[in-house]
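Mind having a look at this structure? Questions to follow.
We just call them A, B, C and D in the order they show up, numbering each chain from 1.
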Amino acid sequence: MVWKGEQETFHIPLATFESPLWPSTARGAKISRLTNGIHVAVGDERMARSILLEAPSAMEALATMQHILQNTAIIRDAVNATTRHGRFCDVHGQVAGHLLYLRIEMQTGDAAGHNMVTAAAEAALQAICKQFPHLKYGSLSANMCTDKKNAAINGLLGRGHYTIAEIRIPAEICRQHLRTTPARLAKLNQQKNWVGSMLAGSVRSANAHVANILLAAYLATGQDAANIVEGSQAFTLAEEQEDDLLFSLTLPNLIVGTVGNGKHLPFVEENLMRLGCRQTRPNGENATRLAAMIGAATLCSELSLLAALTNPDELMRTHRKLERKQP
Amino acid sequence: MVWKGEQETFHIPLATFESPLWPSTARGAKISRLTNGIHVAVGDERMARSILLEAPSAMEALATMQHILQNTAIIRDAVNATTRHGRFCDVHGQVAGHLLYLRIEMQTGDAAGHNMVTAAAEAALQAICKQFPHLKYGSLSANMCTDKKNAAINGLLGRGHYTIAEIRIPAEICRQHLRTTPARLAKLNQQKNWVGSMLAGSVRSANAHVANILLAAYLATGQDAANIVEGSQAFTLAEEQEDDLLFSLTLPNLIVGTVGNGKHLPFVEENLMRLGCRQTRPNGENATRLAAMIGAATLCSELSLLAALTNPDELMRTHRKLERKQP
Amino acid sequence: MVWKGEQETFHIPLATFESPLWPSTARGAKISRLTNGIHVAVGDERMARSILLEAPSAMEALATMQHILQNTAIIRDAVNATTRHGRFCDVHGQVAGHLLYLRIEMQTGDAAGHNMVTAAAEAALQAICKQFPHLKYGSLSANMCTDKKNAAINGLLGRGHYTIAEIRIPAEICRQHLRTTPARLAKLNQQKNWVGSMLAGSVRSANAHVANILLAAYLATGQDAANIVEGSQAFTLAEEQEDDLLFSLTLPNLIVGTVGNGKHLPFVEENLMRLGCRQTRPNGENATRLAAMIGAATLCSELSLLAALTNPDELMRTHRKLERKQP
Amino acid sequence: MVWKGEQETFHIPLATFESPLWPSTARGAKISRLTNGIHVAVGDERMARSILLEAPSAMEALATMQHILQNTAIIRDAVNATTRHGRFCDVHGQVAGHLLYLRIEMQTGDAAGHNMVTAAAEAALQAICKQFPHLKYGSLSANMCTDKKNAAINGLLGRGHYTIAEIRIPAEICRQHLRTTPARLAKLNQQKNWVGSMLAGSVRSANAHVANILLAAYLATGQDAANIVEGSQAFTLAEEQEDDLLFSLTLPNLIVGTVGNGKHLPFVEENLMRLGCRQTRPNGENATRLAAMIGAATLCSELSLLAALTNPDELMRTHRKLERKQP
């Protein structure tokens, strides 16, 4: 699904000790108001939990996996019986020797879905063990989920909301409001976020400081903020196109919910309310809306920081100015 | 330096929405009191910032890097002039084509050191550009730092406190208090944390849920919690040795501070005070103490979760029991 | 498909300068004759090529990808029209900003399929550009294939023959013929292949020297040996089970062919003939047979090296002995 | 050391079944003759082997590592006593729990050095076990070497010849001889080699087909061709600068030798002779020369392929034309 909100302006709450994040995000937001705005697309939503089963042999592990992947009803039915709020969506498998890993995926509506998918995985595990008595329980959670650890699998198979935020900025606005040019920003992005990350041995991660804004937005909206680990695996693109800068941020693993643990705290309720994420909508649309908003806010701050870094002395000078202003 | 605290007992504050983390950590802590306790070693402390310079050619980029790595005084002096609280400790380099990346590393005492190292990197960058006029400014931060993104470089070259927590648990205590055996826990750890993570395409990460406890401890002690991204790249080992379980958690990138942003909030001050991390000690020892304590607490919860996962139905049953108790 | 050959014994040709590989593989092969043999399962076969398209915006890139993934006929038909020997099997997509990557996958019968899939990808690219005029050609090959570079994607989505070889070895045979025990070998495998590889920052790779045997077998059977890069991403498991060692090698990306470039050289023809891989069989079964055989041979050498490494001085002593024997 | 050969022209032998590699490399070579040529810098040379030791506890593993890293004489002396052709150069360490990994690095002159470093590692291991009786032998090779498996560590700490080849090409020559422009080639390189590889979950690898040329050159010059696994972890940069294309290939792990296994075969001797790599020079300079030459040849083919891919139908059309010409 591509999320297409009406055009609107909103204020995102950011809870952080790193106070320069506020003016940085605000600068990006200002650019969005001076242009055609930030367009956000949310392309997929799922939560995953992987289970582990032990077979007597590799041959049996592989044969059973193939059987299950061709007959997913056993997992689907077990999963769907555990909840009214989510539903089974897919299962992927891997076999290493006699070990069988199954990654169970479901749509979890407005909930981030950690507990929902664990309960569903437990039911699936029991159903499998019952139907295939040659398999033994291995683990209810087997790190191919992958929860709160970096991994390539999440971006490739999906976990959370696949969110892309994009803005087109005329060169003149780059110059006036970001003190840079499309060409300089594109070059810095390539050399820092792509070459630098690759040299560092990063896996599926090419951005400047996505984790900062995710953390601040997660804390302000009652999310399980440990999911910034996956969330930080995001991609910043900056391309000069004719006289514009096309700038985007792709967040393949943005995990958010508007119901569940932490959402009943008064400040969380208030923040979600203000963001319009507590309205009566089809199940899942409040969470999708929140993902889109956090995606847009993260783009703002990413843009502002990268623009600042194109100038040799801007970043620290601004930091110092901000610190002097503080009490 | 190996940190050797006196033997002591402490209460770690954990700020989290995921309430099962409290009894889980407490169960691990109980095991530590029933045995010889958790031993923690902190082996290295540094904060890093990478800068980027552009040379006219690959030949010149490489020659300049080699010159700088053999004559580090230029960086050392620039770095040390920016602060009284930290000091230059090392510099590493990489050249890709005509691009020169320098990773500047310093010891930052009781501060986590993000701002300190950025200011130092700016000074080093200016000194280099002045001495090598053929080099052009590229970026003050170039993703080989690597800050709040996953990367292999941090664990290999150092970032934060290299912290190892370890406990030896007799089989009898495993059985009575963790409802498992050393052999079963060792096997689950291998199949879940190592094989599962490798299959998922994780880079330098093999643990169950380190990010959860790091986040909770970071929030309670005023840390920049976005550093759980690096912090989550940790290694859990479980080995059966004769009749014991040798269980350890290695956290190569545990970034903590006891001074700096966020540390003056009343609840943070109180928590740091209670942990004994606000005492008059040589610069750096309060932070090292905090790293050791967080390392020990994280081991407790990691141990408890893995033990629970060795039993097919324990995890969800316990979760449900805890949830029913809540208002 | 699980490959179930009749039980048979074969000689694998290995072309290598590293002569200790011969006795090492032979030692493993001897173990296989003393036990119930090596069982090999081949679970999936596909070749992949990724194409790149540029959309005017992220929104359009995502919407087009979703349309194509739900209507794969356009790609299927284009692919299937290019060849009688292969057939379309699946397509996966990724969007980063306005860039659309499509990974086209096909079964290629007895051919490794590099050229077949490139021709098919070209046809698919043209069909897509024609049907979606807002998309522009990006690249006919876009590194998500991933050909001859390491990547997590190949093992997760499939490339080449997914091959698992396994053997069960009684402890007594371990002691007599491998000078080790199941427990010692399992421990070394864990500490070297899993912990060591993870510390090194390896992605989806945990084995000792799979690349060596793959290269030798590839050169002897006329393969494109540059595919050892993906092939080397393999997993060695060793587990003590009661009084046995269960030892397996999982090769998710074993790329082989029995027809195509290089297969008409006389020595290749002879080697393939001897291996029974030039017989009249349904298209694809000769290649599957070859994959199984190479998988078994690689397990032999992996087993022998790991056993040798459990003893402090065995490896170099054996090397020296072998070298003295040479002219 | 930066290698500065006299300006010279040479013919590189390439042994491959993929015959389009010859005209592809030749096209790149032609460009080099029309411009100021390819400049190659070789910046570091070392071979590494990692050993594993088991300590009674994490505390002791860490303390011993720190002692050894501060007193490297024990390793240096043991290493240097094993050979007259190489010498100790550095040691790096990692501790995970009670496991101590030491990566021993040495310069190996004109030999690739696999056997030399294994013999040296064995001697170091024995010396360490003797001096630190609380440590037990773990493994003579522990995957942090990292030999013939992908890993981030090799590029960060060094393995093989760190080789960078670079060429500056005027736009006019791009147009006439590569049928492309600097801007188009730079864009394709970014989108394919960097974004595509990152999406695929590649670790420290961003190039099109380096493994192909490495394999062909390795086979023709008697190398252990399994080292293309590390060698393939290479970086292609393409940047438009004013009216030129600055194009480079960085190969951090190019492992080559001009003496040792395989070098006495007549065709190898002849090829090395023709390349001028069998002359009387200080130990190591023949191998460095060979690394530089292979680096230059690999750049040629990388350039040609990328240029072809900028045009929608060039690659397959050329392939088909070449195939028709073949018997």
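As a convention for this text, a residue touches a chain if its C-beta (ideal position, glycine included) is under 8 Å from a C-beta of that chain, and two chains touch if they have at least 3 such contacts.
All of these numbers come straight from a predicted model, not from anything done at the bench.
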Longest centre-to-centre distance from chain A, chain (CA-based): D
Selected pair, greater C-beta contact count between A-B and A-D: A-B
Chain B and chain D: spacing of chain centres that average the CA atoms, whole Å: 32
Computed distance of Cα centres, chain B from chain A, in Å: 23
Gap in Å, rounded to a whole number, between the CA centres of chain D and chain A: 36
Contacts with 2+ other chains: residues of chain A: 94, 96, 99, 152-153, 155-156, 195, 197, 199, 201, 203-206, 235, 237, 239
Chain D contact footprint on chain A (complex, rising order): 152, 155-156, 187, 190, 194-195, 197-199, 201, 203-206, 235, 237, 239
Interface residues, chain B side, partner chain A - complex: 17-19, 50, 52, 54, 94, 96, 99, 101, 115, 118-119, 122, 125-126, 129, 137-154, 156, 188, 191-193, 195-197, 199-212, 214-215, 219, 222, 224-226, 228-229, 232-233, 261-262, 309-310, 312-313, 315-316, 319
In the complex, chain B residues that touch chain D: 2, 39, 41, 43, 57-59, 61-63, 65-66, 92, 94-99, 152-153, 155-157, 162, 164-166, 168, 201, 203-204, 235, 237, 239, 246, 248-250
